[in-house]
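For reference, the structure I am asking about is given below.
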Amino acid sequence: MATIAFIGLGNMGGPMALNLVKAGHTVRVFDLNHDAVHAIAELGALPCSSSCGAAAGAEVVITMLPAGKHVRGLYLGEEGLIQTVADDALLIDSSTIDAESARVVAEAAARRGIEFVDAPVSGGTAGAAAGTLTFICGGSDAGFARARPILENMGANIFHAGAAGAGQVAKICNNMLLAVLMAGTSEALQLGIHNGLDPKVLSEIIKVSSGGNWTLEKYNPCPDVMENVPSSKGYQGGFMVDLMCKDLGLAMQTATDSHSPTPMGALATSLFRLHAAKGNGKRDFSSIFEQFAHQQEQ
Amino acid sequence: MATIAFIGLGNMGGPMALNLVKAGHTVRVFDLNHDAVHAIAELGALPCSSSCGAAAGAEVVITMLPAGKHVRGLYLGEEGLIQTVADDALLIDSSTIDAESARVVAEAAARRGIEFVDAPVSGGTAGAAAGTLTFICGGSDAGFARARPILENMGANIFHAGAAGAGQVAKICNNMLLAVLMAGTSEALQLGIHNGLDPKVLSEIIKVSSGGNWTLEKYNPCPDVMENVPSSKGYQGGFMVDLMCKDLGLAMQTATDSHSPTPMGALATSLFRLHAAKGNGKRDFSSIFEQFAHQQEQ
Amino acid sequence: MATIAFIGLGNMGGPMALNLVKAGHTVRVFDLNHDAVHAIAELGALPCSSSCGAAAGAEVVITMLPAGKHVRGLYLGEEGLIQTVADDALLIDSSTIDAESARVVAEAAARRGIEFVDAPVSGGTAGAAAGTLTFICGGSDAGFARARPILENMGANIFHAGAAGAGQVAKICNNMLLAVLMAGTSEALQLGIHNGLDPKVLSEIIKVSSGGNWTLEKYNPCPDVMENVPSSKGYQGGFMVDLMCKDLGLAMQTATDSHSPTPMGALATSLFRLHAAKGNGKRDFSSIFEQFAHQQEQ
Amino acid sequence: MATIAFIGLGNMGGPMALNLVKAGHTVRVFDLNHDAVHAIAELGALPCSSSCGAAAGAEVVITMLPAGKHVRGLYLGEEGLIQTVADDALLIDSSTIDAESARVVAEAAARRGIEFVDAPVSGGTAGAAAGTLTFICGGSDAGFARARPILENMGANIFHAGAAGAGQVAKICNNMLLAVLMAGTSEALQLGIHNGLDPKVLSEIIKVSSGGNWTLEKYNPCPDVMENVPSSKGYQGGFMVDLMCKDLGLAMQTATDSHSPTPMGALATSLFRLHAAKGNGKRDFSSIFEQFAHQQEQ
């Protein structure tokens, strides 16, 4: 069992840290939100009054923050974590941020001889609570080898995508493609519906044909085709449009930085932003399906 | 065993008709290309000198033609098949054509009280030869019930998508989505490559994540990630760009006719046409992958 | 002064025919709608009971119909206009239809040695009433030379785009580009607004810069930037979204027929269809501007 | 006449600074490239050995740098220009950078009570040499009033787009729309060509119709339609594809930051990146026209 600092106790970070507590680790926690700290402290974590305080002397430091600027701000600089943690600490950042920030922090860590692993997650708050998250990691083989058993306390699938930043890149490649699948599947189903087809029948046919994809298997966007998916529950729960838009923004930034043409991803980005702009930001992302419907004349 | 007229003996129709011969049916064949007729006649089919001659008295008539105008021309009119076939003949059109033409022919057949089933196929020339095609059918339950055992001589998966025209609609919904998957997967993999990731590793991760889709399972567009797929054989064989463009043209026509917004499908159409316009029409459609690569400066 | 048959007296055809009456021509009119025939007959046109009756013996026949199938139906066949008009009649079709239909009719006319000019219009019902329409013509030099003085009674700008069908092609090229300009200008203005800019100031800058285009000059889509445009009158009047969608459908069909990649036009088509699908079909097409706005959360 | 520091003497900055020299100002210059400093020093500018040295005591400081990070690096921080210039200095940044960086620098300047104007330019190296650039400015009325007479020594059109950052926003709105116009006009002309139209005739018709835009007026992308434009000179000179891609990257970043849907701009971005990826980065941006052509089969 290890001494682990966990910084960032939001909707995702809170239940992730709790799974580390349950696994028997000593977990030192910090968040700017005191209530979040108290809540998990009552369940066995050790509350700290600062991120540096939590990280001081810890064997492993895990961070779960909103954006690249927060990660840079916490790790870099004279009083940043990289300078203040123990010599042999392992740093794991599970935030979903731009790959460039992940690389910059990893390089700073390397200059001090410390392992840094970028390990963004997917699986949502349900996966965080259940300990079934997917982690997609970037970093050295040695760093990944050390991170893996820790991450297994919180997740069911732990991938090593490549060197520093590769975890972030792989995650946004996946999520950009997911947005393409969801928008493309939605408009294909609607095209069938507009031409008199039953979406259940059409979904069954495509699912086992060359149009088959994850959304048809697990997350059909058409209401009442599948049970227990957001589309059959008023598009509540699941993965919010605003979060998909955030990930797509990161994908577009990565594409710009590497001069990569991503026409399908860019169009999906526009479609999800159009959807968000109409007031759907807090609904599940499969609600994009509604955009392709024929509505009544106003 | 039935007496079956088979009209249209091209790259697909020829081997399909042969599978009916092998199954023991009496197969009466016609094609404007005499060589095609002779070739299959030597293998047991009965050569006919006209389509009406082949169809006269047949229990089942199967057609495999290039486009909607050929299907309309053959079936409709005073001397068309619908007027000249036996009263209880079953008509099956396996051409991939516009849904509107399929519906018009089906209505004409219904007026004479004859069953017409639109049954476009997927699976390519290899599937036609092996008898493992997928048929996606539109028509009445009774018509489908009669067509199914015949189609099973030529295919492995026989779907009933709905009423007349539904086979054509379901097929182009599937193929439009396939084009979206292939373009989207290609650009996601290239985005990873441009950022230093190994496409094999990235493919493995996405395949089991929410970006998973048929192209990653069966038809990876990146050379040397999978064996025995077109991308690993110089993009030869498989499904030609020109044929994908044909299907996408039908999808766009169907979308126009039903006033359906299909932004992802429309963009994929443009991308495949751009690819074809650069001289790639005869290559496998997964070669769209190359469009997203960084090439040398000229 | 000529004897002119005018067939098709809708919102556009009616006022166009009236301008021919006012110019002193003998105008023989027909429409399936009896009221439309009576209305213009009271203003000096000669009512006819059939299209062939109107056209018999006329020096010029002008048609204004909804779609290519109506034009083919009226002109082609054994009892079509091409067979029944006088030997030296000039045929002018001002319908906006697919180029392929225009070419087919022109070829049939040529086989009988008759001049046929496709002459679609732009300028809307206001232009039809005022006699300030734009005609974009396809046909031989001789045919255009004969058509021009007739068309000048109804329009202010008469263009000769090329051979048969070229009028239809040029019109849909223009209108496809117009859709691109309108959507592109709308999102550029909204991007400015979202970043705190005054749309009047931004419009003034772009109008005289390299982003300058017809929509900023004559038809600004942002309310209250210009006076007397649809955007400043609740998006009433002007050019309906449904009509733009019709023209874009023709553009997409032409692109499919000539294997032309038109990514920007295809995306504009999708955006206008999405807009129509939300109940905006009867509003002016510049209302696409609203799609790019940030709305309140639901 | 003023004492002006000019920092950044590249292809644009060099001739701009020279125009200030010619106008009689005392111009103190710095660039990391010594040759650039020497070249303009021989023409009357005063060479300096550092940016701070150049700026010390100057009444006006003008910067012309590659990207936002350079501008932030030069202006911000304890030894940045904002802390080291005279109390009443006017700061003008003519770099084309992200609006966020412009706002951050302007806010830092405001905290010291110094006027900062973002003033990106368009017009290219020819406009820089001829003193006919367009400046699009953001900043206070007072700052703009002071900047205007200085900028008039280098440009023909000086716009005030709004508050700090508005110059950058307005420029990228314009250039994003320009990319849309160029791609859209190119595909519309090619669609006409594929259907047999003469691009000169088609250009003339659209130019005076509702598809009219700057590219048809001044910069027709089809070779040999206009004289003295890049398309008629092998797409040499003009505005490089790589620079258009840079501006489009800034537009996409601004759109992401303000959650703005920009589907047409995002597609144009993808198309120009696809074009650049094929080795066309150094050619004029109107060469995108070639992408829509039908080429020979390989």
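The letters A, B, C and D name the chains in turn, as written, and every chain counts its residues from 1.
As a working rule, contacts are C-beta pairs under 8 Å (C-beta built on N, C-alpha and C of every residue); 3 or more make two chains touch, one makes a residue touch a chain.
To keep track of the chains, here are their UniProt names: A, B, C, D = 3-hydroxyisobutyrate dehydrogenase.
Everything quoted here is computed from the prediction, not taken from an experiment.
**Student:** Which chain has its C-alpha centroid farthest away from the centroid of chain C?
**Tutor:** Taking each chain's C-alpha mean as its centre, the farthest from chain C is A.
**Student:** Looking only at C-beta pairs that count as contacts, which pair of chains has more of them, A-D or C-D?
**Tutor:** Counting C-beta pairs in contact for A-D and C-D gives the edge to C-D.
**Student:** Using CA atom averages as chain centres, what separation in Å is found between chain C and chain D?
**Tutor:** 39
**Student:** Nearest whole angstrom, what separates the Cα centre of chain B from the Cα centre of chain D?
**Tutor:** 50
**Student:** Roughly how far is chain A from chain D, centre to centre by C-alpha average, rounded to an integer in Å?
**Tutor:** Chain centres of chain A and chain D, defined by C-alpha means, are spaced 37 Å apart.
**Student:** Residues of chain B touching 2+ other chains?
**Tutor:** 255, 259-263, 267, 271, 274, 277, 291-292, 294 - these are the residues of chain B that touch more than one other chain.
**Student:** Tell me, which parts of chain D touch chain C in their complex?
**Tutor:** Chain D reaches chain C through residues 99, 122, 134, 136, 157, 159-163, 165-166, 169-170, 173-178, 180-181, 183-185, 187-192, 194-198, 201-202, 204-206, 208-214, 217-219, 251, 254-255, 258-265, 267-268, 271, 291-292, 294.
**Student:** Help me check something: in the complex, which residues belonging to chain A touch chain C?
**Tutor:** For this pair, the touching residues of chain A are 263, 267, 274, 277-282, 291-298.
**Student:** Please name which positions on chain B make contact with chain C in the complex.
**Tutor:** Per the stated touch rule, the residues are 245, 249, 252-253, 255-256, 259-263, 266-267, 269-271, 273-274, 276-277.
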